[in-house]
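In this document, chain identifiers A, B, C and D correspond to the written order of the chains, with residue numbering beginning at 1 in each.
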Amino acid sequence: MAEMLYREALNQALAEEMERDDRVFLMGEEVAEYNGAYKVSQGLLDRFGSKRVIDTPIAELGFVGLGVGAAMGGLIPVVEVMTFNFAILSLDAIVNTAAKTRYMSNGTLSCPMVLRGATGAGGALAAQHSQSLESQYTNIPGLKVVSAATPADAKGLLKSAIRDPDPVIFFEHESLYATKGDVPEGEYVIPLGRGDVKRAGADVTVIAWSRQMRNLMDGVEAMCERTGLDIELIDPRSLRPIDEDLIFESVRKTNRVVIVEEAWGHSSAGAEISDRIQRGCFDYLDAPVTRVSHLEVPMPYSPPLEALVLPNNDRIEAALRSVTYGAAKGGADG
Amino acid sequence: MAEMLYREALNQALAEEMERDDRVFLMGEEVAEYNGAYKVSQGLLDRFGSKRVIDTPIAELGFVGLGVGAAMGGLIPVVEVMTFNFAILSLDAIVNTAAKTRYMSNGTLSCPMVLRGATGAGGALAAQHSQSLESQYTNIPGLKVVSAATPADAKGLLKSAIRDPDPVIFFEHESLYATKGDVPEGEYVIPLGRGDVKRAGADVTVIAWSRQMRNLMDGVEAMCERTGLDIELIDPRSLRPIDEDLIFESVRKTNRVVIVEEAWGHSSAGAEISDRIQRGCFDYLDAPVTRVSHLEVPMPYSPPLEALVLPNNDRIEAALRSVTYGAAKGGADG
Amino acid sequence: MATQKGKQEGNGKQASASLSDEQLLDLYTEMVNHRRFEESAARSYGMGRIYGFCHLHIGQEAIASGASLAMADGDMMVSAYRIHTMAISRGVTHQEAMDELFGRATGNVGGMGGSMHLFKPDNGFYGGWGLVGQQVPTATGLAFSNKYKENGAVVVCFMGDGAVHQGAIHESLNLASIWSLPIVYIVENNHYGMGTAVDRISSLPPIHRLGAAYDIDHGEFDGMDVLKTYDAISEAFERARSTSRPTFLEAHCSRFRGHSMSDPGKYRTRDQLAEEKSRDPIPTLAQTLVERGLLDDEKISAIDKAAKERMKKVLKAAEEAPWPDASEIHTNVFAEGGTNG
Amino acid sequence: MATQKGKQEGNGKQASASLSDEQLLDLYTEMVNHRRFEESAARSYGMGRIYGFCHLHIGQEAIASGASLAMADGDMMVSAYRIHTMAISRGVTHQEAMDELFGRATGNVGGMGGSMHLFKPDNGFYGGWGLVGQQVPTATGLAFSNKYKENGAVVVCFMGDGAVHQGAIHESLNLASIWSLPIVYIVENNHYGMGTAVDRISSLPPIHRLGAAYDIDHGEFDGMDVLKTYDAISEAFERARSTSRPTFLEAHCSRFRGHSMSDPGKYRTRDQLAEEKSRDPIPTLAQTLVERGLLDDEKISAIDKAAKERMKKVLKAAEEAPWPDASEIHTNVFAEGGTNG
């Protein structure tokens, strides 16, 4: 174990996998000479050279599509999009090409690639740079979708993603790069599709991922204190496939669920999880599945407004009070 | 009332709105000289001339983006994408630009446009041409999303969409263009966000839209017969905003719901509706909300496989049996 | 070719000059087979045996055959959806292709792809893609992988005159140029994208000049003449192999049928179509081979007859071929199987 | 301009020759104000009063001022995210701009947009867009609307040297050319997209030549000289107005600061930066005006002092300005209000 930043854990995963397999290369805007817009690729150009760490033009459809083709050609591209707000330009290559390659070719072609980059709100970046667009990918069969909340998860999941024989969409969070945590050294691989109990608790299940999970982890003891509830924190880590078993097990124990999601909630991964729980745990639910998401507006720039638009403790605790029918302490609606 | 095809109803709506307002124009691939790939724009070039009915190059990001700018400039573009499989190339213009224009500009700009075209499976069109990608739009605040099942709805909703002051995404179905129905003449406008009871029933609510609703309407009496259930058919018609009131009212009456969706179910509009019902009607549900969707695979070409991948009567009736705990007749699992 | 990064004017060598008699006859036979295959597909489509979209290459067969002949082992071909002939030139059998169009388990890709999505990577055929322009970044990535692996392979990537205006092409040409990728882009300029004449939607003509903007060698050739096609493409392959530079070529050609089976083709007059058909690549090659004494009327009809008979058998077998098993629905979504929802 | 559809070589007329003394002095004053505004923003960012991304136009002020001066009533300007000076040239007050950067209710767009998203359509400023290249189809559509309405208005659309490789540009140039749209595209070639030197990722240089591929008049100018900037843009506006043809121009320029406030700028040497700064557009214009007897050292420092004082007041007022009310969150998602979930 070593304590390191989330971005360093990602860097370590990249370096180890590039060391391990010559077919792995990294491509994206500013990944090489600039060492990455968020410094995830720090030092990789020096270490692996310009053949394997490649700066691209600003042309997301072109270079992501090129990555898709390179994967079909037998390489293992890790394609960095500076943020997923920009990856929307490349969706044709991912949704219409990568996700369907193995199927349409009846297994004669494959597309082992990772598309990775920053998601979410980085702090006063306004409407176009603060989006969590995960559901553009979770809706699509043929893709795996991963989202890491901690440095350890970042490392273990990215290594799995790179080794996966199919396209994996890997969401990092713009506001997590500088967060810290213990990370196992060397070979540390977390299977895709496996969730994690980030805190065991008896009263209510809170499901979250990425930055929202991190915020919860950091504040959960105080939140338990304030609400008088013993909260169980479940991080699915993969949004597709979802670790239903882990989620259902928790809900069958606590009988109450709040899903906290940084994305807009409409037709989102959170909606999917809610739908599955109400069906999978119908007889166990003492209250409806309740959700806290990005308010249904584009992100305003002004910081005090942003704080209200994102999920926050006030809204999460109101949801906790609602699923416990007021058994939780505190709050005007409690 | 006149009986006409779905494509004719759309054509009538376009013609009437172009007649009514000079700012309305139609743009897209093959819409002018070819009269539309699906003949929706039949005769419009002759009638309104090449200034207002415009063939574009195959450049979805360019011409949809041009439409967005034209809307900001005071026009009312109706932009046809031949199918929404191709509109994925233009999502930056819609999600990152059109949906955020009014908000980011604090109301000084607006984007009154309609993006319309074919969705869904047209019959053995394989993985890249059979998708229902509605959730790419329903996830986004700032957009309204509409889907018409019948010629009358097609007319009434398209007229509203064109008159709406904000961007509206209008889904037609590739397999509905040649379907028939009665359509009110002249001024017939269906407010966006208002659903419709396509058949009143007492036992179970089936929610569907677009071609899946049409299939249900055509087969519902037989299905009631086969299952012994009095089915209520609810068509939300708008997927964003969703007519929660109408849906909740029906569910509170029947206490059982099946959602039938042609799209993949993962993180879809159907998941959203399910999530809302389990919360909005928690105490009324006698069975979990059950869903029938596109199997979670890309669409195979071969017709017998396609028939299994799409929602079909077998799968819908199994769902009906499941929500009625076997009270419905028929079926091995009944 | 005289100057790098200029117009490809022909390099003096004509690759076709060294084709053997046997190769020339094979080429002719292949093109006749292509034609008969496409005609059989058209009839079967009319009879409801082929489904969905079906785009024929009738009139453009020389491009498939000429390009394929220019390829060496390991080279790769990528195209859009008008691909039956290309797949067949790359070794997909007529039977596998027809079975695929019929949606059968014995088809090239087990009935999963259909007319637009044929694949045979073992023989260098990489599809088979339905969104206009989408194959171009993909093909550019294949070229990248070859350069990375230093395997000397060259990619040939086709696109239509309608596809050229997609942003993906601009992005790809720039990438191929800055990274010197061994790829030959070929625009099949058949003058129409569906019903739209290229000059109504393009500011580019001549299309191949777009290459100049990206410092890419470019040129044009008569895609109705298989030998000229072979010469032009061979020259570009040679450039890719020796200098790793891309080439952007424009093939002038005609499709004799509608865009797809549902296109009545009203945008062309009868006369115009007749004029186009007068440059049919098959009689054009026949004429040359007759002049060289390799063909005569008798041989021509024998080849044709054999092709027709072959297709008859192919159709019969296709009709009798089994449908895919329902279990196939859930295979090949992921490597490990399962749909992994 | 001599030939249509060729290189814009200057049309002989120099629009700047007919600028009045007052206009010239105003231009100078505006540019000085731009510089002081940007410097104030930089300091405030350092003090944590401005949030998120903040891209300064320091070094490139001549382009904002020269372009704005070329515009007539009804004309429109569209750019990306490096836009403070452009918005201000188009009539957003320093106070409104700074308040917006501070995220205040009194800001140009009520604190909803911030540094990257300023708008003032009443004065022809149409933003303010954050995705590289995205503004180009939008601007092309604005030009379309003007042509449709036959209002004679011209659009000027800026993009960076990094943006040129986006597919959206290719698609837009083709559309503008085939439909003859009255628009002037200007590439602000400051040689870098973030930390990437343009020649590392572009096969195009000279960038403006891309226009030729689309049959669009094209040309280049010294964007560090506001009079040359005004001349070149005026000529292109004139073409748009008289012939409705687009123009594609390249402005050679430099940004003296990092890409955004978080960029340490290690990709440039000190010497290189010093060389770039020697062509600072503000002293360059001062020199000309001194030679014409319109400015002297005293006036120069008076203008500068006034600018500094103005910015001091602006900053003070911005700090005291109110935050937006929470209720604003739910306005302007839709016209009718409400978030319409």
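We adopt the following convention: a contact is a pair of C-beta atoms (placed from the backbone, for glycine too) under 8 Å apart; a residue touches a chain by one contact, two chains touch by 3 or more.
Owing to the predicted nature of the structure, the values given are computational and were not obtained by experimental measurement.
J.: Count the C-beta pairs in contact for A-D and for B-D, then report the pair with the higher count.
T.: If we tally the C-beta pairs in contact for A-D and B-D, the bigger total goes to B-D.
J.: From chain D, which chain is the farthest off, judged by mean CA positions?
T.: C
J.: Between chain A and chain D, what is the gap in Å from one C-alpha centre to the other?
T.: Distance between chain centres: 36 Å.
J.: Starting from the mean Cα coordinates of chain C and chain D, work out the distance between those two points in Å.
T.: 46
J.: Please report how many Å separate the Cα centroid of chain A from that of chain B, as a whole number.
T.: Each chain's C-alpha centroid was found; their separation is 30 Å.
J.: Once you find the CA centre of chain B and the CA centre of chain D, what distance in Å lies between them?
T.: Chain centroid spacing, chain B to chain D, equals 41 Å.
J.: Among the residues of chain A, which ones contact at least 2 other chains?
T.: 56-57, 59, 61-62, 85, 89, 92, 96, 103-104, 126-128, 141-142, 240, 266, 296-298, 300
J.: Could you tell me which residues belong to chain C and also touch two or more other chains?
T.: 112-113, 117, 129-131, 165-168, 170-171, 174, 178, 200-202, 333, 339-341
J.: If you look only at chain C, which of its residues touch chain D in the complex?
T.: Chain C residues touching chain D: 165-171, 173-174, 177-178, 200-204, 209-210, 212-216.
J.: In their complex, what parts of chain A are in touch with chain B?
T.: 61, 85, 88-89, 91-92, 95-96, 99-100, 103-104, 126-128, 133-136, 138-142, 239-240, 263-272, 274-275, 278-279, 282, 285, 287-291, 296-298, 300
J.: Touching chain A in the complex: which residues of chain D?
T.: 51-53, 100, 103-104, 111-114, 116-117, 129-133, 162-163, 165-167, 193-196, 200-202, 267, 323-324, 326, 328-330, 333, 339-341
J.: For the complex, which residues does chain B have touching chain C?
T.: 29-30, 33-34, 37, 55-62, 85-86, 89, 122-129, 266, 295-298, 300-305, 308-309
J.: Touching chain A in the complex: which residues of chain C?
T.: Residues 76, 108-110, 112-113, 117, 119-122, 126-131, 134, 136-146, 148-149, 167-168, 170-172, 174-175, 178, 331-336, 339-341 of chain C touch chain A in their complex.
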